[in-house]
Amino acid sequence: MTDSRLPLLKERSALKGRSARAWAGFAAAAVALFALAPLALSDFRLGLLAKYLCTAMVAVGICLAWGRGGLLTLGQGVFFGLGGYAMAMHLKIADAGPGNLPDFMQLYGTATELPWWWQPFANPVFALAATVLLPMLVAALLGSFIFRRRVKGAYFAILSQALTAAFAIWLIGQQATTGGTNGLTDIQGFFGYDLNDPINQRMVYFIIAAALLLLIALARQLIHSRYGELLVAVRDSEERVRFLGYDPANVKLVAYVVAAGMAGLAGALFVPAVGIISPAMIGIVPSIEFVIGAAVGGRASLAGAVLGAIGVAWAKTALSEEFPAAWTYFQGLLFIVALAFLPGGLASLVGMVQRRRASHASEEPSPALPVGEAA
Amino acid sequence: MTVILGQTFTGISIGAVLLLIALGLSLTFGQMNVINMAHGEFIMAGAYTTYVLQKSITSAGLSLLVALPVAFLVAGALGALLEWLLIRRLYLRPLDTLLVTWGVSLMLQQLARDIFGAPNVQTRAPDLLTGNITLIGGDDPLTVANSRLFILGLAIAAVVALSLTLRMTSLGRRIRGVVQNRDLAEVSGISTERVDRTAFFIGSGLAGVAGVALTLVGPIGPTMGTNIIIDAFLVIVVGGIGQLKGTVIVAFVLGVLQSVLEYSTTVSVAKVLVLVGIVAFLQWRPQGLYTLRTRSLV
Amino acid sequence: MVAGAAALAAAVALSACGAKTDAGGSSDKAAKADTSGDTVKVGLLNSLSGTMAISEVTVRDSLKLAIDEINAKGGVLGKKIKPISEDGASDWPTFAEKASKLIREDRVVATFGCWTSASRKAVKPVFEKNKSLLFYPVQYEGLEESPYIFYTGATTNQQIVPALDYLKSQGKKSIYLVGSDYVFPRTANKIIKAYAAANGMKVLGEDYAPLGSTEFSTIANKVKASKADAVFNTLNGDSNVAFFKEYKSAGLTATSMPVVSVSIAEEEVKSIGSQYLAGQLTAWNYYQTTAGAANTEFVKAYKAKYGQDKPTSDPMEAAYTSVYLWKAMVEKAKSFDPEKVKAASDGITFDAPEGKVTVDGASQHIYKTARIGKIGTDGLIEQVWDSGKAIKPDPYLKGYSWASGLS
Amino acid sequence: MSELSGLRIRQLRVSFDGFKAVDGVDLDVRPGDLRFLIGPNGAGKTTLVDAVTGLVKAEGSVLFGDEELLGRSVHKIARSGIGRTFQTATVFEELTVLQNLDIAAGAGRGMLTMLRRRKGVPESVARALETVGLAELADSPAGTLAHGQKQWLEIGMLLVQDVRLLLLDEPVAGMSHDERQATGELLERISEERTVVVIEHDMDFMRSFARSVSVLHAGRVLSEGTVAEVQADPKVQEVYLGHAAAGDVLDTAAPAAVQEA
């Protein structure tokens, strides 16, 4: 988990300047999301943007847990899936109407009534709470085992992948109650609003945009708190923190659980935006893709992670539309170049420019990783 | 009784495949701590090597024998190239390595698709290797597939060769030196760069050999590597990083476990149970079956 | 924090302007296809990357062949067809995204493609919502009649039921079911079990392997121990290769225990090898060897375009046929408008490579002849039995009394 | 400042795969002592400190005041007032000096305090900054400090952590003469209020500042006493001080990752 031993940028003593820039960035993002995008984009593209923003929400959590805490979060697909399924189960029950089974259960299932573990999700409040709390609970259980036993680095990465694989295989095996490979599809309504209506699709987009800004604000608060500093300390030297009298397991657990909750919320909002949740969004591949977005943009910087996630998702769409038969070359190349040659992600380019402008103040110019320059 | 015996043999044969796939990783992941997601594509390269060789060598048996060393060289060269181009910039950044090599694996898959076509390709196995040997005759005969015996033999030979290399040769001593203490090795005049590349060459080459063997039991296509790679990583993790004996034991234990569970439940349930079992095992022994103790802080 | 809260408040306020389901109104905002120029666009939606690319790329090739042929003969209603190809990447949400893109951004008049049931289920609401047409060319599990999908592959009563009839006629009394873990095999096996119960056959076992699974030694052991008369195989893709290699290694042969496969066509035979497959059975509606002038032409044209070593198969043929059926519907309707095309569809016929096919307007499936084939040592499949006439599609198996409890 | 406590070690044993790194050590450090642990490489000095701080499993008994330390987890031992430094200075390179100290000062903070930003400089941190002479550099990232400054920062972190026992592993390795002098004086001041144990190879430094000395050899305590007493001990001369240039040779600190076995 001592993933990055990257040198750092001098902390500006002018905290005020940082805060002001953050506010400006935040305001610019809000204007772009709430005013420019809806005006400039077609309904279809806006729908895609909503999907990208969901991956950006996952990236906010990854920035916190991986970028700041050094945790190799390769299991975000599980949390995304838990949130997504919790939401989709409720919407399917609502679509079916009282007393009826969801369409796929009628077709492929044998049950004559809802399975017991579906029933609580008929309640909208329970389902909404579960989208965030369920992933957090699972993360807390898993994390407290793993961090306490000090499963580290590469082990944690492989273990996360094994768990996402197990979860996906389990979901696929339960055809009659989870929809199997198909997943939960054909979701028509969202708490009484008809998702076929473009106006309501737009509404979903606005909710997602707002949720993303909210998560960014939350993550920023955490990053700049004393806890955020401690988290970086744990990343840099876990043992040292232990000798200072902290239990690093707890420090890591908080970041891991918060990141899981964010992924769960993202999964929940993905469902009305795309109309489907399936094991394809849970396995190893999507889990890697979530991390890659944040890594390309710059894992340790909130703005970098968020823009990176949106950018990588956008690039996937754009490249595959332009080169349907060869886009994976470009995608692979993008990952390789961005990660092998720009360890701090694209955000480090910004850092380099700033350092150049700040001229040769320091005697030992070191490649920079912007520490918490959140927008 | 026959069932239990039969499943044990099946488990050993599954384990042999796992072992052969994981063996290369025991060097690159186990010794050097590099999570190379393109390892599966090196296996694929080995399998395609067999396919290409069969175009010019018509005898299936001969082509298989020729393919083993050629695939070792082809996959090994790919591995050394990858190490030189990318991985040497990424030591100490495990997740970055994982992501970068995942990008590489995407590109290699597409490359295979463009060179050999999207559909799977066919190789012929020598007739000797498509049959089986009867161990116990009678109404419910217990048979063992010749292909699996061949893979078992190959796996054992590869393990012996690898452990002899690590123990007896100066190259092996250098590799172990670098694994145990990179700084000290460098100070003592070992070119860690060259050792890294050689180790990567051997590890990737073993993936190529595994690819040749897999043509006897599985599909040969662009995505053949992705399906098996995580299982192979798990073998190393459970066995204990840097421990060859752990890898060998765990490969067979997981194979037998999988086959017994599969017989009594379903494939999916067996897979989930095995994965959950692994997670539980690592709670108990977070460093795997065998551990390498160092006094390192990081 | 404050800004986040403000943004959320704004979103809630905006959402209040949203239309409730029962408010009705603005639902007719479906994107209209673009038919203004001298070309019309159609979408080709197939996995060109990921695990399903092994099968779907050939379908895309076959679709392009049909489009080229039609364009060479003057196009449809005087307009040339311009195919827009998109990669579904073996990922169901991506299929939905690309379907949406084809309809709303490219304004295609129709879309051809999808392979797995999961991808079809993912795009179905997209086509229904936008009132646009999808032509789906692969045999599937039935139990579906979307008003905006034409199914040109077999439904269950045109493939699985005839295959069971054939096994029964061969005196097979017990079968073992092996399938991949997804909706088609599970549904197919439900049907098979109902059929077996009604026809005095015994199902001795049922096993599912995760999609992409390539370790079949245990399943082969179980099959062998069951001593069944035959195996009914609904495995998909890569798994077939591993399964048949293991099957032969276990000492099982086409004579001792034949396997009927419903997802192994010429393309798959080529990649598994006749070494392992010779003598095994398949159930389809078309083989490369199917007799008839239309097929000779099709095979010749395909090989000329893509290479002499490339085989043709049932899904490729169904895809090829689907383009011609759409053309005939459009010409009958004298319009590209999906509603008019649908209205014109009933009774449309085409001399397809598999023989004459007819569209059943009510179910939007087509009448197809069922064929059982035996895999030869040359890698081709020879027909050993056919249903004699094209079978009327019955996706919900309403015409079979034993199937009444199924859905 | 809390009451001074001493360290009482009895029959301490640590073994790695059969190799006995610490083989039955008895050691008493009285409250307020400035004790130096010396001995050749591999004598078990660092392992001893590792055992006391919970990093490695050990048998025997380690009492600090009246508290038994063995068997407790690292962070709990740290919370009972024991702090240490490492051979290679281990500070949080990406955080500023101020942040480093603030974290060290905060192990007992509540959840709410943790989730808020740091406002201003806590009083104990400000004092420590002055004591270790890093006030000027408070806002510099620790990664940019010179080697000696990092060592001081580590000591500063122990001070704000308010430990009653400091275990320092080669605190002056790689320092200039002036820096060593300053560090030594710092340690003398600190040991007025706390108990200090220093592992050191630098014999001059040891002679200048040690109040008492223990010599370890092959996992055991070979000799104990004042500098003069230890230097006069023939056993010590034989294994250690007798070698002419021993001090210089042993001056090169072994890398932290060396396997003990």
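Labels for the chains are A, B, C and D, by order of writing; each one numbers its residues from 1.
Going forward, a residue touches a chain if its C-beta (ideal position, glycine included) is under 8 Å from a C-beta of that chain, and two chains touch if they have at least 3 such contacts.
The model shown is predicted, which means the values in this text are computed figures rather than measured ones.
Q: In this assembly, which chains make contact with subunit B and also with subunit C?
A: Common neighbours, subunit B/subunit C: A.
Q: From the centre of subunit B, which other chain's Cα mean sits the farthest off?
A: Taking each chain's C-alpha mean as its centre, the farthest from subunit B is D.
Q: If you tally C-beta pairs in contact for every chain pair, which pair wins? Let me know.
A: Looking at every pair of chains, the most contacts join A-C.
Q: Would you kindly tell me how far, in whole Å, the mean C-alpha position of subunit C lies from that of subunit A?
A: Computed from C-alpha means, the inter-chain centre distance equals 35 Å.
Q: When the C-alpha atoms of subunit A and subunit D are each averaged to a single point, how far apart are the two points in Å?
A: Inter-chain centre distance comes to 42 Å.
Q: When the centre of a chain is set as the mean of its C-alpha atoms, what distance in Å lies between subunit C and subunit D?
A: Comparing mean C-alpha positions, subunit D is 72 Å from subunit C.
Q: Indicate the residues of subunit A shared as contacts by at least two other chains.
A: Within subunit A, the residues that touch at least two other chains are 5, 169, 172-173, 221, 237, 239-240, 328.
Q: Spell out, as numbers or ranges, the residues of subunit D touching 2 or more other chains.
A: 86, 90
Q: Which positions in subunit B are in touch with at least two other chains?
A: 109-110, 266, 268, 271, 297-298
Q: With touch defined as at the start, can you tell me which subunit C residues reach subunit B in the complex?
A: Residues 48-51, 53-58, 181, 207-210, 212-215, 217-219, 221-222, 225, 238, 240-242, 245-246, 248-251, 267-268, 270-273, 275-276 of subunit C touch subunit B in their complex.
Q: Across the complex, what residues on subunit C touch subunit A?
A: 1-5, 7-8, 10-12, 14-15, 17-21, 26-27, 29, 48-49, 85-87, 89, 91-93, 96-98, 100-101, 104-105, 116-118, 121-122, 124-126, 129, 143, 181-183, 186-187, 208, 210-211, 407
Q: Which stretch or stretches of subunit B touch subunit A in the complex?
A: Those in contact with subunit A are residues 29, 33, 35, 86, 89-90, 92-96, 98-100, 102-107, 109-111, 114, 230, 233-234, 237, 241, 266, 268-269, 271-272, 275-276, 278-279, 282-283, 286-288, 297-298.
Q: In the complex formed with subunit B, which residues of subunit A make contact?
A: 2-5, 66, 72, 74, 145-146, 149-155, 157-159, 161-163, 165-166, 169-170, 172-173, 237, 239-240, 284, 288, 291-292, 295, 326, 328-329, 331-336, 339-341, 343
Q: List the residues on subunit A that touch subunit C in their complex, please.
A: Interface residues on subunit A, with respect to subunit C: 23, 26-27, 30, 34, 42-45, 47-48, 51, 106-108, 169, 172-173, 175, 180-183, 185-189, 192-194, 196-200, 202-203, 206-207, 209-211, 213-218, 221, 274-276, 278, 280-281, 285, 317, 320-321, 324-325, 327-328.
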